[in-house]
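Paired with subunit B in one complex and with subunit C in the other, subunit A is shared by the two complexes that follow.
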Partner chain A sequence: MRLNPLTLKKIRRFRSIRRGYYSLIIFTIMIGISLFAELLINNRALIVYYEGEVYFPTYGQMIPGSFFGLDYEYETNYRQLRKGFQTENSGNWVVMPIVPYGKLETDFKEDTYPPFPPSFQEKHYLGTDNVGRDIVARLVYGFRIAIAFSLILLLINYSIGISIGIAMGYWGGTFDLLFQRIIEIWSNVPFLYVIIIISSIVVPNFMMLVLIMAVFGWIGMTWTMRTVTYKEKEREYILAAKMLGASSFRILFKHLLPNTISIIVTYAPFAVSGGIVALTSLDYLGFGLAPPTPSWGELIQQGWANMNAWWIAISVISSMLITLIVVTFIGEAVREAFDPKLHTTYE
Partner chain B sequence: MTIYNRILLFGVWICLVLLSVYQPDQAIGNTVLPENIKWLTNTKDPVFASDKAKKGGTFHASILSFPMTFRVIGPDSNGSFRSAILDNQLSLIGIHPNTENIIPELATHWAFGDDKKTMYFKLNKSARWSDGEPVTSDDFLFAVEFMRSKEIVAPWYNDYYTKEIDRVIVYDDHTLAVVATKAQPDLHLRVGLSPIPRHFYGKLDKDFVRKYNWKIVPNTGPYQISDFQKGKYIHFKRKQDWWAKDLHYFKNRFNVDKVVFSVVRDTNILWEYFKKGKEDVFSLVMPDYWHEKSRTPVIENGYVHKIWFFNDTQQSAMGMWLNQDREIFQDRNVRYAFAHAMNIEKVIKNVLRDDYFRLEHGFVGYGRYSNPDIKARRFDLDKVDQYMKASGWSRGPDGLWSKGGKKFSVEVTYSFDEHTPRLVVLKEEAKKAGMELRLQRLDSSATFKKFLEKNHDVAWMGWSTSLRPQFWEHFHSVNAHKSQTNNITNTDDPEMDQLIDAFRNSLEEEERIQLSRKIQSRIHEIGCFVPTFMVPYVRQAYWRWWKLPEVPGTKMSGDLFSPFGSTTGGLLWYDPDLFAETKQAMKAGKTFQPVTIVDETYKMKE
Partner chain C sequence: MTDNLLEVRNLKMYFPVKSGIWKRQTGVVHAVDDISFSIKTGETVGLVGESGCGKTTVGRTIMRLYKPTDGDVIIDGKNLKNVDRKQMRDLRKTMQMIFQDPFESLNSRHTVGEIIEEPFIIHRTHSPENRKKEVAGLLEKVGLPGNASGRYPHEFSGGQRQRIGIARAIALKPSLIICDEPVSALDVSIQSQVLNLLLDLQNEMKLTYLFIAHDLSVVKHISDWVAVMYLGKIVEYTDADSIYENPLHPYTQALISAIPIPDPRIRRKKKIITGDVPSPITPPLGCRFHTRCPFSVEKCRIEEPKLEAFQSGMVTKQHLVACHFAGELKF
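And then the complex of A and B:
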């Protein structure tokens, strides 16, 4: 594939901005880890060797305890199975993930009550929350949900916002006027309250929450796109396309959109961090996804309620901080890379 | 004015006067006491105050917000401070907190009419309002007039005093009868009215609500408001020559001279105030306060004592209510299996620190009306297996039970964020039993609406209690399969209906007790309710100069240090010597043995 020399230049410029470039690498690794979280953080074993056969329980259906010769019908507790195999010394073995706890699994102890502090010996590297669930597991799986949430939200918001924005700018006139008023009215709806009201009546699932957020989220992009389109549509290449008889649709999406891409791209990372913050704050307030879905907002809430269990608040706040800083650095670097003026500085 | 006109006017005036005197339904009419009346009284039951009690001292209590009005009726009157005012208002009769027998308050004697809807009372002749006026039968007549009047803007009371109370009959200044609209068991709970001073209110007008916002109404109890500053504090002073102070059940009670309620808007701040000695008592019911936060110098140095007192009173029916209109719960085996899949014991042990107790059924703590033989179904995977298989379910590849392509997955709806940890553990344990619980937390009014409209699978909630068990609302088929009724399990069982009807129609205590127990067994057999927790105790911290009787409370005590309340309040007293000793010790850095009292006198037997 041959890239446009301008694009190559932008990529080079982006790579030259070290802070942003490394942030992108870190962010990619974070997403990568979260996508394969089941292999790293799970109460299901990676490999079980039992009576001459090898099993991979990570993905797929649950295997009842009776399958491995235990006396129960529910899902095998692989940590116990491993201990059992070790004491039996029968040649069977189990390989567990690095963090051998699930995202929903509660791990209690005798005579003491959660939250439990971090312990390397028990492989609760960041401790547990107030019902004994592993914090690493909650953080990683929570991150996966948050990032998926904000990426899908971004996609929907931008599709709607950009389409309407460029249409307003391109056609102008009554259509523009009408939509401006609609958007002004719409943007005056206090959307956080609306979401709170909706989710106190029906508990939204993941996609519903995305859609509710999108209903109010597309507005921001329209203004920018409208202005840019007004500017672009007077340019010669648009006039040329019109002269050649291109349809409006073709002009908008084939000629106009690619020329405004720099603006869209620079806004995107900030929208991602906005999405994460929105989901987290909704969860914090208790109006987000239904428990026991792993969520950062819920962890912040727990940290606040259990100040003496410092490990909860510290883990989740540092994770939040790192994620948002990384995304912001990427955003800054992208903006700079796409900036036609070469000497922009950020303070 | 001609003489004619004068005569005419005079005539009209005479007619008006006659009309106003003649009140056909109440005052005049049957004003002769029936002859066969058997007057009863009760000064035989054991007293529960201590004869070591001394008068004196100031008790510092707190309120979370200043009341919006001192009225106890009408708009904005239903705040929490209302009870402090009402607790200083006596009724005709009271209930002994340990024996539940009737005891005298404003009336010295009472009698039951043969029609089972009339009760006669003889008032205590020394009974006085706080302004010195005597309490007379007319004040009870006025109470009903007052409660029925439109001026007080209290539709619920208008309705209640019309539908439940038929009338008050005055025989003389100190003898009266109260008639209920229908014959009923436990009539005394219905007709033991509280008087309202006619001489104070006079004629009610449209201005009532505004006019009486901050008026201090004369009362008959041991304390009266002496001073207040809006938004800051309210002071109550003990009446030095209170008319009832030597009555059998009031002796040695209500000892504190002055009670100060100051506004403290936050529990954490209240805790700090308490530790500084600015408040006298602090509630430690919450596990984190009792176990963690109370590890603080004032308690460890023995200046503040802790008390854990078990009471024996009606327990809220807290648990999981299964909607039997849902296809999955129409099968009794499935309901049983569901109950056996709930690991309530694990929640109590690991989440609630063994501080809560297992509720065995929905009507615990109703004395003889409770059936002690019912035991809630315990977590038992074998029984789940047995019941599910009996109904033709089998475990699918994901470990959940399934039948005809449908998975066992039900929604559990609840409203308190604090309950999430409990439900999370239940969910994980239920997974082992092959059942999926989908947790749904809604805002509390949305939750209740959902339950009343019967749109839930499983309702996680508790009902408030009353002195006698209420079955009809919750389990009679009349209330099933329709919205806005309390039968949220949609129980529709002919045998149950029969029992409940018999219970409601019976006027014999013994029969009612037997029926009540039978109904409870039937509920257990139907298995539509999975009982969860109860908290049959009160836990408090208090400065050591406060003293309580040897048995520090009663079966019904909800707050051991409640300064008012004719049933259980006012048992505490102030010891000035201990106060001086403690203050000196604190100054000198001397410490005492830390004290934690656990009183199990009334603990419910398991």
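And then the complex of A and C:
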């Protein structure tokens, strides 16, 4: 595929804005880490060498403890297995991930109560929360859920918002008028209350929460797209296409959409950070995803409740801060790079 | 059968003015108000008038970009009022348009090749390989380098971009081309090149032009006939020479006296008409020009003059004018 030189120029300009470019790299790495989190943060071992055979328990079926000669039928505790192998000195070995704790696993110790402070020896690098779950694990898996949430939300919101907005702008007339009024009414529904009411009846799962958010979230993009379409469709290149006898479908997808894409792209990063904030605040209020799910909102809530366990609040707030700053920097750089004032081709 | 390729009869195009949340109609813009003219095959009619007088709307209404309020547009014997969508699509092959602003009328996201081959794709007239060949032929015809097709419009100058627009317009070998101020956005030095290209193409392809412009000297260069428009109406219609030598309507006379003469030593008394064009939402009663006409009398304020043939010994060609005192006034 050959890119339009104008697009290339925009990409080059984006790369020249160091802050945004490095933020994009950091953000990509963060998403990459969260996607392969099972290999880095897991209570399952990466590799187990037992009686001349090599096992990779990370992905796949749960392996009961009895399989490795232990006296229980539930899932093997690989940390204990590793210690056992080391003391036995039988040539068997276990390689654990960097953080050998699961996202839901509670790590209790005798004689004390969690939360436990950060400890490199225990490999709880950021400590544990108040039920003994590793905070690094909670943060990374929580990030994965939050980012998936906001990306799926973005996709749904934009598909609905862009289609309706373009249709409103392109066909105008009664259709536009009707939808404007519907949207005005719809956007006045206090959506937080709706979510609170729904959550008090059923505990929403991931997809349900996305859909509830999407039901109210598509509106913003509609206004923007409507206005842009109104502006674009009166330009002469659209008239030229009409005059050639182009179908509405062709005009919309070949002419209008490619010319509005820069606006869509400009809004996207801010929508992503908005999605993360929305999910986190819902979780914080307790109206988000059901409790054992790793979530930043829940961690913030815990940090608030256990102020003397400073490591909870500090780690989650700094992760939140870094993520939002990074996304905002990307958004800023994209906006800067796509600024139409820099790319007018008028002489 | 007449040999008129295009006939416009009593064309009216009113745009509603809407306001309020329910968008009730509160007024009407009389953009084009009862216009009739015709163009013979192979001829060029120039349509002149100041900005906002409705000349662009005439062009776009003929192209069916707007649905006219009233009146008939007859192309090649077919009344556009009576054709269905499919026939309209086919008719679009015979009529094309060149736009004013060569920066606006080309989609900046498509390559020049994609822009010029779009008519072939829309009308499914050529196979993909033939399309490339046709595009190369068209580029040569309008005087653009052969490697232009892979480049984007913004890499070209205004004149070159207008050539791209012309190539797109002649791609389907139309018989009628509406030129909507094709040179007014260009440098004076480029204007004549583009005009000569248009004239060459007219000879070569037997094209018929409706040439819309606000520059009378440009129109004189290219047109056989000239129609002068004021506030949605044609006020004078005659051949290109007569309009210069013997303008009858005071508005035309004022327009002609405003043409600059490229010689600083010649001092001419310019007759500048003052004031602005009245609002087309509430056009003045009587003669539409009476608010600015230095000769206006009571009759002009009350009675609207008709566009009628002016008879005089000197004039042999058709000369229509809408003024009560045609022939009596001299600026």
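We adopt the following convention: the second predicted complex is superposed on the first by the 340 of 347 C-alpha atoms of A that agree within 3 Å, B and C clash if a C-alpha of one lies under 4 Å from a C-alpha of the other, contacts with A are read in each partner's own complex, and residues count from 1 in each chain.
Going forward, a residue touches a chain if its C-beta (ideal position, glycine included) is under 8 Å from a C-beta of that chain, and two chains touch if they have at least 3 such contacts.
Just so it is clear, the model here is predicted, and its values are computed rather than measured.
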item	value
Fit or clash - subunit C, subunit B, common subunit A	fit
Subunit B versus subunit C as contact partner of A:P292, first or second or both or neither	first
Touching partner for A:K9 - first (subunit B), second (subunit C), both, neither	neither
Partner chain in contact with A:S200 - subunit B first, subunit C second, else both or neither	first
Partner chain in contact with A:K83 - subunit B first, subunit C second, else both or neither	neither
Vertex subunit A angle, Cα centres of subunit C and subunit B, expressed to the nearest 10 degrees	130
First (subunit B), second (subunit C), both or neither touched by A:L177	second
Subunit B versus subunit C as contact partner of A:H255, first or second or both or neither	second
Partner chain in contact with A:T106 - subunit B first, subunit C second, else both or neither	first
Touching partner for A:G245 - first (subunit B), second (subunit C), both, neither	second
Contacts of A:K231 with subunit B and subunit C, given as first, second, both or neither	neither
Closest approach of subunit C to subunit B (Cα atoms, Å)	42
On subunit A, the residue positions that both subunit B and subunit C contact, one per complex	none
Subunit C residues touching subunit A - in the complex, by the definition given at the top	22-23, 60, 63, 65, 88-89, 92-93, 96-97, 99-101, 103-109, 118-119, 122-123, 152-155, 157-158, 165, 168
Residues of subunit A that touch subunit C when the two form their complex	4-6, 177, 235-237, 239-247, 250, 255, 258-259, 345-347
Touch list for subunit B against partner subunit A, complex	292, 346, 350-351, 353, 381, 385, 395, 397-399, 417, 420-421, 423-425, 427-428, 431-434, 438-443, 446
Interfacial residue positions of subunit A with respect to subunit B in the complex	61-62, 64, 72-75, 104-106, 108, 113-114, 130-133, 200-203, 286, 290-292, 308
